[in-house]
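Everything on this sheet refers to the single structure shown next.
Chain nomenclature is as follows: A, B and C, assigned in order of appearance, with residue numbering initiated at 1 for each chain independently.
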């Protein structure tokens, strides 16, 4: 029982950055932009948050820096793909490479060739909601974890219950129709990118300011690509995206536990499972109704 | 008064010729900011980056060595993109080729390099093709977007490699997560004494030449390009569109696999999970900057290798972090793409 | 005072003048029909009114005030609603979501209130609609009603409908007209763009006729006749016909098409059992207003689409459908409707000239560049193509691109020529050239099927004229006997009895 609760606790913790990133990517893709820059955006956000926190001594300023970094890179993505109408996958990939390069460049500049990753003196604390009960470990999480969970209904509400969400989905489905309805397609796509970038910033910040309290080159380790997979797996629906993120987190937590207990198992194959599931899901579902129909297509009038 | 107006239309030829120069200039101006932050003068940094490596024999050899894998992945991406198939999976296909090469190189009991090396290349090519097969079939049969499937298979491949290297292939001697060393016969000969330029460079050049010939001089090549440029018209002309996309995707995967063979056989001599430094993704840069032509890919692979080698010089001489090379490569891609838009405009004088 | 007025509107697209000094006005509570052939400039004019295009000259006045309509949002604000032929609906959204999109009124959606409003508006117009239905699941007629609801929800006083019945079943058309009458009763104005004469008489009070971008007539509908309108619309000019008077009826049938049926993706029938044949040494012209099945017929006969049923033979051999490669084996020359889908702009002129017959220039997979170049030089010379073999095809003018397509297909001495809109958008010189080449093919003995929206072209070239309407051949004439008024009437769907009384 206890070990099960610990497993679930680890699942929630591991899921948090993936959930933030996937929610951000969901918003962006719902507006018709596939942001393959996510992997690099996560890395540079994690780094800038960490540096800002270390130099100012304020975790909060670190958080702000991470979010601003996510937004800035998303604006660059917007400039290239929304305004210039360049190919989304090539530009996304370029942004990932650029942001990673800048992060590693700055890391070397500030910390030299340090082999051990630097750590913050303090990192974001955990919040105990049910102390003293059997479930205490499960609800002893970073406050950002609770926020990430609250963001799921929030994003759902935003997409389905507000005029903003209606317009955002419209430009991702049929930008011509949205334009005819008097909606500024470019503006909506930029707004989606900004919001998505902020979520990606939070994901990066969680890793360097809360979960690890440190930065290393491999801190993201493919989590951006995981998010891309989860968004498809989750059919671009916030609650299904949550399920996907928890599945990923759960598999990871299980894998760590099995490894720690020395169970001989090719745990990498377990880790690859969600990717394979996603590919199978895409193959079966194809371009079904939930696929934002305008994804990857730049919008041009006439 | 002289009035100028920017309008849509093809840019004049002389302007199109200098667009790459403009892209390089803009990139370096942008990157100067980082150089200054690093406390170096941009001019001396650019000297180290672009000029200095060309003046030394060892550095020139390094450029060839560094250009080898990205020329192969660049050619791989060129073939796929030319068919309108956006293969982002060269990274995974490269590792597939590496696994095959390490397997042949450790298992085949022979002392003949003449037998061993061709078999490694063939095995690597086939492995890369196999890893490219699933997304290609999904694309042609079910119209499943290849960008995401090829991308995700890169991650799957990394786990697979890690599982292999931590499991059955863990080097029994060192205990490191790397395969046993390949046999001597499997190790690519060095081409230039006291350098790390290996047979892979020749393989890359031959592949580039063959692909250049195939794409420009054969029926298959022109049909692939027709499909990539205008799928509807290609179908109208009776070209089997699906088959050509499938073939281009598989050839692309195979060539990316060769890049893995070259790195295992020519550099590392064993399989490792750090076989590639983003070579598959850099292939996208090489192909895009090369305007999806083989000569363009050769030039951009050499240029990126020069920048990477230059970054090492710059970090040694000026203490600018070596990652400057990565930044320049990515910035070149984005700036290059954006400046290509200038092709579509011309400036006209109005009276 | 008219509700809305357009004065001196001119719109150019490059060299083409789509609207030339057009004046147009709409009174309160009227249904005003805008009549004209395809390409007459009707849709362009209405897109200007809806802010989708900007006029090069001219003014727009709403309620006497001059307005500038820079975008659909401006037009909506002026009370103008537009139902395009291609619905601007989002298929994955519900009816309610589609209706309110862009005009949500509050930042947080009040679903219940919105739903009620949608139902109430529909009820006012006497129809029912499920506000929660997913639009993609609705029939075309229902989707059109959603478009009308959208316009009304945005407070439109003038509703523009672009060829609203083109995609409707007769029942849906009736329903639509009853809605329009209801709108009119509530004081709204309606502009209906159409090329169907019977609709003009059924629904409108006034009619404006456009031809080649100009207003050629404006009448009270009650004071005009079908004949008068179809003459205005098609234009009346005498055409010098110099045609040999050979009798073709004995010649061998080279192209035989039987009972083709085809439906579009929404299931609406586009071809309804179409049959035709073309004999050796004969040009058969298919006349009709755009959208009556010509495109579908062309894509089937050029190998790009498969019919639901029917068959075709070329010189007695079965024509395989959906296999463009097999058609050149059967010696079918194809001139596609959209010439940009016939050439690959980024490849060279030489490559485009040889690609259809690439097998002839290949040995063991290797292209014989010398042979290709010689072949290209020969065709460039023979067909007067103004280009070098190595020029990218996209740098050529429309006329020269069309010459590439002609050269490529006609150089093979075809048995059958399928020519779809062969001179669309070409200048006079190039047009004459294409005509001459088609006549040459006929003299050679080929069977030529000419599908064109340009009636003059059909009359000049054809030995026999077929009229296509709503996916069927509704009339056949020997070209010498063809009366342009009767043709015009058949093309616009007037029944043959009416035609006879007028003729």
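Rule of thumb we're sticking to: a residue touches a chain if its C-beta (ideal position, glycine included) is under 8 Å from a C-beta of that chain, and two chains touch if they have at least 3 such contacts.
Quantities reported herein were computed from a predicted structural model and do not represent experimental measurements.
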item: Residual chain clusters - chain C taken out, nothing else repositioned; value: one piece
item: Pair with more cross-chain C-beta pairs in contact, given A-B and B-C; value: A-B
item: Where chain B and chain C are represented by their mean Cα positions, the distance between them in whole Å; value: 47
item: Distance from the mean Cα position of chain B to that of chain A, given in whole angstrom; value: 28
item: Junction residues of chain C - those touching two or more other chains; value: none
item: Contacting residues of chain B [partner chain A, same complex]; value: 34, 37-38, 86, 88, 134, 138, 142-145, 147-149, 151-156, 158-160, 162-163, 166-167, 278, 281-282, 284-285, 288, 321-327, 329-331, 333-334, 337-338, 341
item: Of chain A, residues touching chain B in the complex; value: 34, 36, 76, 80, 84, 86-87, 89-91, 93-98, 100-102, 104-109, 222, 225-226, 228-229, 232, 266-269, 271-272, 275-276, 278-279, 282-283, 286-287, 296
item: Residue ranges of chain B touching chain C (in the complex, touch as defined); value: 10, 217-220, 222-223, 225-226, 229-230, 232-240
item: Partner chain B, residues of chain C touching it in the complex; value: 302-304, 323-328, 334, 336, 340-347, 351, 355-356, 358-359, 361-362, 365-367, 369, 395
item: Chain C-facing residues of chain A, complex; value: 161-164, 166-167, 169-170, 173-174, 176-183, 289-290, 293
